[in-house]
Amino acid sequence: MITLSIKTSKRTQAINITSQIAHAVRGKEGNVLQAYTPHTTCGLIINEQADPDVISDIMEALDRMVPAVYPYKHVEGNSDAHIKSTLTGCSVSIPLSGGAMKLGTWQGIFFMEFDGPRERKVVLTIT
Amino acid sequence: MITLSIKTSKRTQAINITSQIAHAVRGKEGNVLQAYTPHTTCGLIINEQADPDVISDIMEALDRMVPAVYPYKHVEGNSDAHIKSTLTGCSVSIPLSGGAMKLGTWQGIFFMEFDGPRERKVVLTIT
Amino acid sequence: MITLSIKTSKRTQAINITSQIAHAVRGKEGNVLQAYTPHTTCGLIINEQADPDVISDIMEALDRMVPAVYPYKHVEGNSDAHIKSTLTGCSVSIPLSGGAMKLGTWQGIFFMEFDGPRERKVVLTIT
């Protein structure tokens, strides 16, 4: 189990953590890499990393689907972040071979902050 | 493979199954636990278990995003449940170490019933 | 690692790939099968395969949640496909036993094309 630390700087923010993960698992044995974030107001997704407009469109679509201001029951003011976390999930799994992730040509791994800024963790486990 | 049985009592209902899963996997060897539900009108998610208002906000947000009444093609009247199941997914994977799930401080595992009441199963597999 | 090829024929299209996957993994050792698609404008889901109206309702619900036409930033005209891919995810994991997937009675595995027609790949990895 390898733990990465991620520091976010805005309330909602997508951070490309592909290189950080690739570096951490380089040369490791195993067939599937799981990246898991042990928090409830952020998420992990895999999507295009070539054009940053893509992840921006994704974040803004989640904002439209899940309004920040709404008569939610939870009084901490971050129910939208918990709901977005439900839609993205808190883990992704990627095939691994020879210690390298078998991501597609355009794929990158993004940490999705929905209630920052915070200090976050991502745990990597290989099976 | 360990199979848990879950009995739901309402049409839509979130049931915290964290303790049940923790008990079932206690002391087992392996690095990742998969919880999988073999049904198509429910889901599994990981989110905050401290304040029950959070999971309530999540369930109600799914209700707003996927209306129960709509001119769906499927005639059984539960298309909304199939769609919600697509949004949550039917499995979650959690890092495991020394037979204990490495959930975050606030994380719990919830069985999301979208078309109950029913008798449901959750299958646990460790790799 | 086994790679399947899938040819889609429409812009949005759900293709049942359950039999193709079952055939590919038949008799293989291991406990969990991961199906992973290395693209960013499609997804993989598990849902009902008995009545084709269900998957049709799911696809149309995604269409309503994520409009194809909107002032997105990404200029390729397929931001909706990237967003839908985020909602479904690009992988599913299924318990495996004796080389057979332990899918539920009604469950099938669907390749969800959101920006076709294209030639796509699905990579199968067993752990």
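Every chain is named by a letter (A, B and C) in the order it is written, and numbering of its residues begins at 1.
Methods note: a contact is a pair of C-beta atoms (placed from the backbone, for glycine too) under 8 Å apart; a residue touches a chain by one contact, two chains touch by 3 or more.
Note that the structure is a prediction, hence the values are computed from the model and not measured.
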Residue numbers at the chain A-chain B contact, same meaning over half shared and different meaning under half, come out as different
A CA-based fit of chain B to chain C gives a rotation angle in degrees, as a multiple of 5, equal to 120
Dist(centroid_CA(chain A), centroid_CA(chain B)) in Å evaluates to 20
Residue ranges of chain C touching at least 2 other chains are 32, 65, 87, 89, 93, 127
The residues of chain C that touch chain B in their complex are 30-32, 45-48, 51, 53-54, 56-58, 61-62, 65, 87-89, 92-95, 97, 102-107, 127
Listed in rising order, the residues of chain C that touch chain A in the complex are 1, 32, 34, 36-40, 65-66, 72-76, 79, 82-83, 85-87, 89-91, 93, 121, 123, 125-127
